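Shared between the two complexes below is chain A, which pairs with chain B and chain C, respectively.
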Partner chain A sequence: DPQRTAFLLRKQWTLYSVTPLYRFSDTHLKDYARLLSISIAAEKQKGLAVEVGFELDLDIKVDVSSIPDLKGSDQDHAAILVQLSSRSPASSKNSERKLIWLGCFCCVSGDDLSKNLPKDFTYLPLFLVNGAEKYTSIIGSWFQTTFDCCFHRLAISPFNLSWMAAMWTGCKVDKTASATELVFSVPRLPQPLDISYAIHPEDAKALWDTVQKTPGEITQEEVDVFMDCLYSHFHRHFKIHLSATKLVKVSTAIASAHCDGTIKFLQSKHLMGVMMLLTELAISQIE
Partner chain B sequence: EKMERRSNSKTPKRPPLVQHKNQTDLSAWRKGVRIDPEKSVKSHQTPINQKNDSKQDSLEQALSYFENVEDHVSLKKNSVLQESLTAVETIALQRGLPPKAFNILLNVALSGKLADTVNTRLLKSLIPASVIPETSVVSSVSWLCVSKCSDKVQMLFLKWLITVFDFIDHKEQIHALYGFFFFLLQYERMCPYACHLLYLLTRRENVKPFRIRKLLDLQAKMGMQPYLQALLSLYKFFCPELITITLPGKTKIYFKNPDGPWKAAINAVRQRNQENSAVSRPLFLSTAQAQSRKRKWNSQLIIPASSASRNILEKDRGKNSVSLFSTNESLPVEQVQTFSQLLENIHRLELPSQMGSVLTNPLLLHYMNYIKDESVHMRLYYWMSQTLQEECTWCVADNYQNEEEFKDFLESIYKAECLLQEGFSSCEEFLYRSLPLWDGSCCRSQVLRLLSWMPLRGSSEIKSRLCDPLAQLFLTSSLYFKCSVLESLKELLQNWLNCHAIHLASESDSQDHLLNTTFSGVVDTVAELIHFVGHISTVALRLENNSMLLLYFILNFYETVCDIYLRYGLPLLIMPPAGIFYPALLSMDSVNLNQLCYIMHRYRTNLVAAKENELSKKKILQFKFSSQTYQEYNQYLSAMVGCLWTSNAFQKDAHPQGLRMDDELLKKTTVHEYKTSLNIVHHPAMLGYAIHFLQQAWPDDTSFNFSLIKKWDWYLEYLYGQGLKGLKLFIESSINRVSQAS
Partner chain C sequence: HLATSLPLPSDSDRLPPKIDLIVFMIDIKNKYSLKKVEDSLAYVDPSYFLGKVCFLVTGVGRVNCCSIEMNAVWRLGEVYCSPMLFCELELEAVRVSTAQRLVRMLQICAGHIPGVSALSFSSLMWNSA
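After this line comes the complex of A and B, so read on.
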């Protein structure tokens, strides 16, 4: 159901990898939410103890829920969504709340690994965050101490970015106008210098189609050829060797990814495909 | 009184709360030094027996006086009271009081029979010589309940109790009085001391919702008080599902040291009684871990504190919605302090919430090793590999400022591995991954020590992932680095061999064919390592101009190699390459030569044993040493004998890289009698001994006429006397035989 995963679209997500959660249980999501909201309250009034169960009127409410639609196969654990909402100051009387932070633990086709794991573990290797770092820190720490897991930022290497560029270029998109853009950063300069390389999506697709041999299958060689073509084209015009720079950002109509480990999903049709790739990257970081 | 933060800032990894619950250092208890009270008093009587006996008498008298004292005796008018009080005070300050005194004196002091000045003086002199009986504390509490004594005395009693907490012999009954002490919180003046005492007493089963509510009421009434914060955070530590608190980073002292007169006195008494001084310390909560170090929340380098497991909300929901833990069933590991405690509770031990905390806890490591629970190992594996990967100072860019921390971390991994006698697979993976990127200087000694615990894998894996990257570093680094690498490779070899020997012993009954496959694998890998060391050592000796230091480390390695067959039961005998053997044989240093002699002697012993086994066929050998090994040994042996004994190395040495030289060439050296000039007297490493021997035997001869040394037996005796044990073993085992045979 695309409706249930639509919240992921058009938001900037920061990526983390998470090692398996120990003794996490789907049946206690409500309790987790309660403990998390108390933790946030305690953090806010540092030094004052807060009783759990005393939930009179917390400024920030935490919801933890399961999204069964967000997974790749039956072996995958359903994604877990953590939402922080605050009372909006304008309408303090009615219980309208404003979402201030979102965190989503998920696993899309990470089958191989979850199979080999003892049953006490829950495998949700990819964690996406949208919201202020201070909440990420409170919630991440709580998960770390409660489920004995480790969080790490998931950076995307230029190597993986070029794969994304090739894969996403090849995807069929319904007559969008947004250009395919690659951003390169030139290393070792006193001032940072970024080079943006925008290509009309249809031109890029035409190039890719000449490179790809078997539809539905991509090889490293094809990715290299594709990028080399783009580089030589650029060199012909600007006499700059892009191969000597670092690819830092790829944005297409499908998604836009930055090497710092942030991503924005733009197409619900290809959402699961991108999530699968990100799950794979997260797994390679923790295994 | 201002107190410094005593916990070392360099070791912020200590568990924050519970570890500090002990007032004094309990190490004396652990070692079983808990001294019998009577004995310890008596043992100090010997030197000044009489004087002490009289003191003993006066104490006895005073105690019996206080035991039977009547109400309202005035201090000013009663000389017996005066004398008794003084006697107690002097003896307490000098030697401390025996256990039985506490019952009597506490009873008097808290009963309100005497004036407050007397009570105060009595309380102040309650210095333990050894232990304080629990019963005396319990009866004191019952006096508090009937409110016979003034507030001031009650306060003083609490302060005293906090100070001497660790001298109380048992604590079970005192724990049963938890509710009473909790009740004291409501008296504002007593509140800080009651909190402190409760902090020392609290166990998980004491944490109850009604107590939490009471503490929160107090918090609302009195605001943020450090002592309340400390107690509350301990409650949170035990029951995070009931309460939570975030401590501000600034506060470091949560309890003031009770400003009683006892601390110094206890110290003095302890020192006089020549025991390890055990004095109360102010309590600190090292909560400021994250804050003070300005690390990111997901930075893993902090080894997590051992804390009660928070497998909250797990079961029992139906039964009891308040107490989510079944407290009687499990024991949090942080309450375990001795090995015997561990053994008693091993069936109901509760592992920490973050498995990384086992790393610095030897007891837990033992336990973890014993339970063989897959999930325990997985948790540790994930935590350690993530931490190593993310914090590695040479793999992660701009991470160099954290080198010290990373060093400490690697150090604790190494210590844990030594304790377990086994390498962690996460660490192995890390080393394989990061060795090619390592510059050889960052965290050098830690990395090299960790290398020695690499598990034994297939020979091709060892070659490509360990040997190849290491060789590059080895050959391009300093002499010191080379020596350190050789040292750690020696350790690695020994660890592998030990591990194999244990494996062999424990699985001797299991199926043979299974063993054989792994067995040949072990032999291959060990051989690979030895050949690798032989290779890099040969090159290194060239590079470093046959440095004696380097040679020493190389020969050390071969000291293990030459004995593999007999000591570890592995059919493997690999001779050092000529590039090592000849530099050692011609070394200018007698230490190297002596070591070489020892090694050759051990090779011989191993080869002879192998031959005997082969001939007698007592054991069916899966592997035979090839005749090439014997040949190689014999070549080396004849070179050595030629060099040390028969002086014919230049003529007889048949090794292609050996000492053989044409007579023409030797003549050109213009050395007289070159044919007899290389032996145990003239060998450059031995020359010093020879000169010394000459001077002693012929003090008048100043011509250094070495030909005077004709009776080699004497000379040899002299050399053996100089500690050349290897030479002795070699000559006694090899030379006579060879000379007889030839």
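After this line comes the complex of A and C, so read on.
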């Protein structure tokens, strides 16, 4: 049901890998929400409230829910969504709450590992966050203490970004698709320099179609040939070897990803494919 | 001698330099460096691959900045039957110990260590990898 996963689209998500959760239970979600509210209230009391922007009286409500549609295979555990919504004390009891923070634990086609897990562990290796860092650290600490797990920022290497560029360029998109853009950071200069290389999406797809031999399958060699074609084209015009720089960001009509470990999903049609790739990256970071 | 690629520019006034060891440097953060090395290998006389070539892979401290497929690097070592050293140039201690290893290898390749030939040493390194 695309409606239930629509909340993922067009927001900037920060990515983390999470080790298995010990003794996490889907039947206790309301209790977890309550305990999280208490944690947030306690942090406010502790003096974090002195920080500019942390409104003392802001009424924050925590919701923890399960999203059964957000998984890849039957072996995957359904995704868990944590939402923080707020209402200023000045407004009436019945006024609308504003969503201020979202955190989503999920696992999309993490088959290989969930098979060998001991009984009391829940495997949700990918964590996506949208919202202020101060809430991320409170909620992250609570999960780490309660379920004995570890969160690590997920970094995406230039090598993985080039796979994303090739995979996402290959997806069929409509006429109004945005350009495919690659951003490179040039190392060892006195002033930082970024090079942005934008390619018309139809040209990029046409190039990929000449490279890919078997539809539905992508090999490392095909990714290398695709990227080398783009690099040679750039070199012919600008005499700059992009292969000597660091690929830091890939943007296509499907999604955009940055090596700092942030992502934006732009299309619901290919959402699960991207989630599968991110789950794989999270799993390999944990290992 | 330092060079950014092979073949070395020919200087007809002087005799070509005597080379005992060739170290090819590959930076895993820089895909272009791998291509340069692959292209340059074609200009090396085959006799050098009997122990007088080694690969130095740098930038290995930061896996998150990796731009190269590591399998391609391993394959290079296998195809050219030459040892591979790994180092992180930004750490002084590692830099110093790597330099010491290279100097030791150079002494062997130049024939300064009696009883150890370049070929026997490289097959020792190659087999223990």
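Keep in mind that, in the parts below, the second predicted complex is superposed on the first by the 267 of 287 C-alpha atoms of A that agree within 3 Å, B and C clash if a C-alpha of one lies under 4 Å from a C-alpha of the other, contacts with A are read in each partner's own complex, and residues count from 1 in each chain.
Rule of thumb we're sticking to: a residue touches a chain if its C-beta (ideal position, glycine included) is under 8 Å from a C-beta of that chain, and two chains touch if they have at least 3 such contacts.
Worth saying up front: this structure is predicted, and the values here are computed from it rather than measured.
Contacts of A:140 after superposition on the shared chain: chain B is touched, whereas chain C is not.
Taking chain A as the reference chain, the count of touched residues is higher for B when chain B and chain C are set side by side.
In the superposition on chain A, A:24 contacts neither chain B nor chain C. By the touch criterion defined above, A:246 reaches chain C but does not reach chain B. When the two complexes are overlaid on their common chain A, residue A:105 makes contact with neither chain B nor chain C. Shared-chain residue A:35: touches chain B; no touch with chain C. The part of chain A that touches chain C in the complex is made up of residues 155-159, 162, 187, 220, 224, 241, 243-244, 246-247, 259.
Partner chain A is touched in their complex by these residues of chain B: 209, 212-213, 215-216, 219, 224, 228-229, 232-233, 235-236, 240-248, 251, 296-298, 300, 304, 307, 310-314, 353-355, 374-375, 378-379, 382-383, 385-387, 389-390. Partner chain A is touched in their complex by these residues of chain C: 29-33, 35, 63-69, 71.
By the touch criterion stated above, chain A contacts chain B in their complex at residues 16, 19-20, 22-23, 25, 28, 31, 35, 38-39, 41-43, 46-53, 117-118, 120-121, 136-138, 140-141, 144-146, 148-153, 285-286.
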